[in-house]
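In the two complexes that follow, chain A is the common piece, with chain B as its partner first and chain C second.
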Partner chain A sequence: MTTLRVVWTGLVVHFKITSRSPFAIGVGATWPIVNATLAYFMYRAGGTPQTLLYASLGSAVAGIFSMIAIDASGAIQRQRFWGTLELLIAAPVRFALVLLPMTIAVASVGIYCLATTLVWGRLVYGIPLPLEHPLAFVLAVPATLISVGVLGFALCMVLVRFRWAGQIGNSLEYPVWIVSGLLFPIAVLPAWSHPISWALATTWGMQALLHGALGGPVWRDLGMCALLSLVYGVIGFSIVDRFLDAARRSASLSLT
Partner chain B sequence: MIEAIDLRRTYHTTTGVIRRKRLDVEAVRGVSFAVERGELFGLLGPNGAGKTTTIKMLITLLLPTSGKARVLDRDVVDDAREVRKRIGYVFGGDRGLYERLSAHDNLRYFAELYGVSGAAQRKRIDEVVELVGLKGREKERVEGYSRGMRQRLHIARGILHDPEVVFLDEPTIGVDPVGARDLRQTIADLVAVGKTVLLTTHYMFEADALCDRIAVIAKGQIVGEGTPEELKGRVEGGRVTEIEVFGVDEPTVGRLREIVGVTAVSVEEREQRQVLVVQTSGEREVTAPLLAQLDGFEVGRVASREPTLEDAYVALVTE
Partner chain C sequence: MTAGNNTRIFFVGGVIAYRALFNWLNPWIFVPTLIVTPIFQLLFFAFLGRAAGLENDRFYVIGNALQVGALPGLFAMTFAIAGERWFQTLSPVLATPANRAAIFLGRALPVIANAAFVCVVTFVAGALILHVHIAASAFPALAVVIAVTSISCTGFGFICGPLGLRWRDAIIAVNLLDAVLLIFCGVNIPIASLPAWMQAASEYLPITHGLRAARRVADGAALSDVRGLLAAELAIGLAYGALGFLWLRHLEVVARRGATLENT
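Right, the complex of A and B next:
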């Protein structure tokens, strides 16, 4: 009960902080529009409505991952700059329970990305949103946000330990977009890259949204989102204490 | 309540780009002291003396390179989580708060992290807000707060979970004189309600006014310890001569230090001039030899006075 309350309060607090950030809102609202526009003009030549919807949803999930890759990795750096990272670590609650809601809250701002992209696509380019499995599509939204958020949680542990790791987030952005099939289907990628795709929540989140809209094995996709959330969570929780001890040994928690 | 035994901390850093060279910096070099229950203990020292490093080891944020530290009979390395439950940590400056949130939201979040039960949170937040004088302003966003208000909010956050021991790391730094006076009163109130407080500061009058005992730390080592009166007593019987001078150089200051009867010399820069604060044992008259060494420099006002705690401190950190 206490654990749930800590996580819930953390979610509310960090969602408030992130949603009051002009930068986060700016990124969340404008990037998907740019991406959706680019995708529309790239795909309209081959132009079935399904292809356009693929491009539209791909842009939305890319936006959600960008929030995580840039903003969640930035979240740890921001806590350092704000001087709150040490205070969070000095609290008696397990640090994983502090970090997890922080990254999920950042990913949740990705709702803006999803909504912006779909509304923009519908209103400006007339891209339809057929909902073959309305319930599954609705469930796919939090499943994608949470699984990508937990992926961000595992990544953030590296940032707590290594101050220089802030740049990692930015460099991951495009490779993950490509390997997750957000720009084009992963079937066109070489076979050796498929296991990497399958290990990423972005792949299954994208598939869940797409299959929820157009029909397909959506429950398998949702199950994979849940499974990967669990795996990322276990990895994050298992390394958190070791990384924190290393950070306390190397004095990398503060800026100075 | 707090015990540090031969505490040491070395930082590792590197220089160079191609041929990287590892450097070891000893920030704390064998610090030992003990703080009793209900005591307000001051750790006094100049910037870079090792105060913050010492406090960070005590509050479990840094692992000591060697030595032992215990807080409330719990080891800060082996029993970190139990130590964290029972201590509060407050540091000075603008950072350490969520500016986009209200003070109430900041406090609510940290109340949760420190295990204050849901039922007790509202009452406890009201109490601490009242104690630090932020009543009526707690719903405003922190970004609109003055430095003094932020510092009071820091203290409120640090004592939310009613810790037995409170660590205050330069809590009045950068706060205006009136705000600093209010904060000192708040700190005194903490001790009045039974808290044990470890305060680091480089303000002499603050340490003098608040602390039951003081340890002076310089270059990572404790160079003096005692009550403010005991420390002042170390320079009792001595005299302090202040000499206003223009353009004095370091070699000359070095020669002043070598004059028999001179115990310490410090230089205060005041716009174009400098004031040499010369401490002497008081057993012999040194004004004439001092002025002789300053021959060739433009000398202004020369005055003599009784030593203060600040002089005791200067003597300790320049030994």
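Right, the complex of A and C next:
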């Protein structure tokens, strides 16, 4: 019960904090529109306008990952900067349970990306949202947000040793957009990159949203989102304890 | 103030201010932000272009390699001017009797070099990865085009500095300006396929003319064939630079009058 309360409270608090960040909302909600606009023009000029919904959903998922790349990868460094890291670690709650809702909340703010991109596509380009499997589509939204959020948690822990984790995470934006096939199918990529695509929640989240809207094996995609969330969670939890042990041993917790 | 002093402030002061205020110079930030991201931006749009069946890889290599020059142009100029406020050194700087043009225009020189460097690295990396061949005879002319476009992008970035002095979250506007260049200037979308109003707007933005010149040079045109385009590119960049400088001077006067210099 305590665990659930910690996770839920953390989720709500950090969702509010991120929602009030002019940078997160200003940049996070506008870049998906920019990407969608670029993709619309490119697909339309290239004579393949049937892919416009694909571009719309892909831009939204790209926006969700951008929130993670920009905000979540440097979550620990930000707590250091605010001077709250020691307090969070000293709290009688496992630190991973404090960090996990932080990154899921950041990804959840990506709901604005999804909304703005779909509304933009509908109003400006007249792109309909068919919803072949409405229930699956509705489930695909939180599945994508949570799995990308947990990916952010793992990313945050992998980059924990880097002082400039935020910038390194930021530079992962385009590579992840590319290998996840967010604005174009992964079939155009070299075959060696496909296993990387399959290991990313963004790939399956995108597929789940697309199949929910247009029809397809959506339950497989949702299952992969759940499985990858578990894997990322295990990676994150196993690193967080090592990081804390090392930081306590060397008294380097607050060093920036 | 002598001409010698102004020259020293322009060159030495510009470099010192740039090194102090542009905090992306740290290799841990510079490499991910100004090397890795531009290269992957180029690859992303090249793959998107392939999927859309729109243009060949050369179109995207040239387009994105020139557009990424706007990254240092916009962001570094914002940091190099508005950074004075964030570090609370704006008052001492403006209290000096130094020539304002020497102080602020000097900061643009390192930014231009930085922008050109980013363009060249992205261009070479993109061409190598995507196997885009460009005749070696075109390289000197392309170098001139890159230099001119870097100047115009930095000039455009000059309007971001005052923006940063005026608005706490100017970085949002800087991001939007970067997006405008990406959409309007023919970087990834042929300008002819944009709506008429966007085509008209693109004529008044940096990169558009430089990009036309670069593509023509890569197709074998001589530098003399594109001098009109380069002149237009340079004029647009200088016009934005002048506008930014005048705005900066206006803000200084207003801030002195209202005692609002350090208001954040």
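Just so we're on the same page, the second predicted complex is superposed on the first by the 238 of 256 C-alpha atoms of A that agree within 3 Å, B and C clash if a C-alpha of one lies under 4 Å from a C-alpha of the other, contacts with A are read in each partner's own complex, and residues count from 1 in each chain.
Definition applied: a contact is a pair of C-beta atoms (placed from the backbone, for glycine too) under 8 Å apart; a residue touches a chain by one contact, two chains touch by 3 or more.
Quick caveat: nothing in here was measured; it's all calculated off a predicted structure.
Under the clash rule set out above, the superposition-derived model of chain A with chain B and chain C shows the two partners fitting side by side. Taking the C-alpha centre of chain A as the apex, the lines running to the C-alpha centres of chain B and chain C meet at 80 degrees, rounded to a multiple of 10. In the superposition on chain A, A:Glu173 makes contact with chain C only, while chain B stays out of contact range.
In the superposed pair of complexes, A:Ile17 makes contact with chain B only, with no contact to chain C.
Shared-chain residue A:Val188: touches chain C; no touch with chain B.
Looking at the shared chain after the overlay, A:Ile196 reaches neither chain B nor chain C. Of the two partner chains placed by the overlay, only chain C lies in contact with A:Tyr43; chain B stays clear of it.
By the touch criterion stated above, A:Val6 is placed in contact with chain B alone, chain C being left untouched. Of the two partner chains placed by the overlay, only chain B lies in contact with A:Leu87; chain C stays clear of it. When both complexes are overlaid on chain A, the residue A:Ala115 reaches neither chain B nor chain C. For the pair chain B and chain C, the least inter-chain C-alpha distance in the overlaid model is 11 Å. In the superposition on the C-alpha atoms of chain A, no part of chain A is touched by chain B in one complex and by chain C in the other. Within the complex, the chain A residues that touch chain B are 2, 5-6, 9-10, 13, 16-17, 20-21, 81-84, 86-93, 98, 245, 248-251, 253. Residue ranges on chain A touching chain C, taken from their complex, read 22-23, 26-27, 30-31, 34, 37-39, 41-48, 51, 162-164, 167-168, 170-171, 173-175, 177-178, 183-185, 188-189.
Interface of chain C with chain A (complex): residues 26, 28-29, 32-33, 36-37, 40-41, 43-45, 47-54, 169, 171-172, 175-176, 179, 182-183, 188-190, 193-194. Contact residues of chain B toward chain A in the complex are 11-12, 56, 59-63, 81-82, 84-85, 89, 91, 93, 95-101, 105, 108-110, 112-115, 118, 157.
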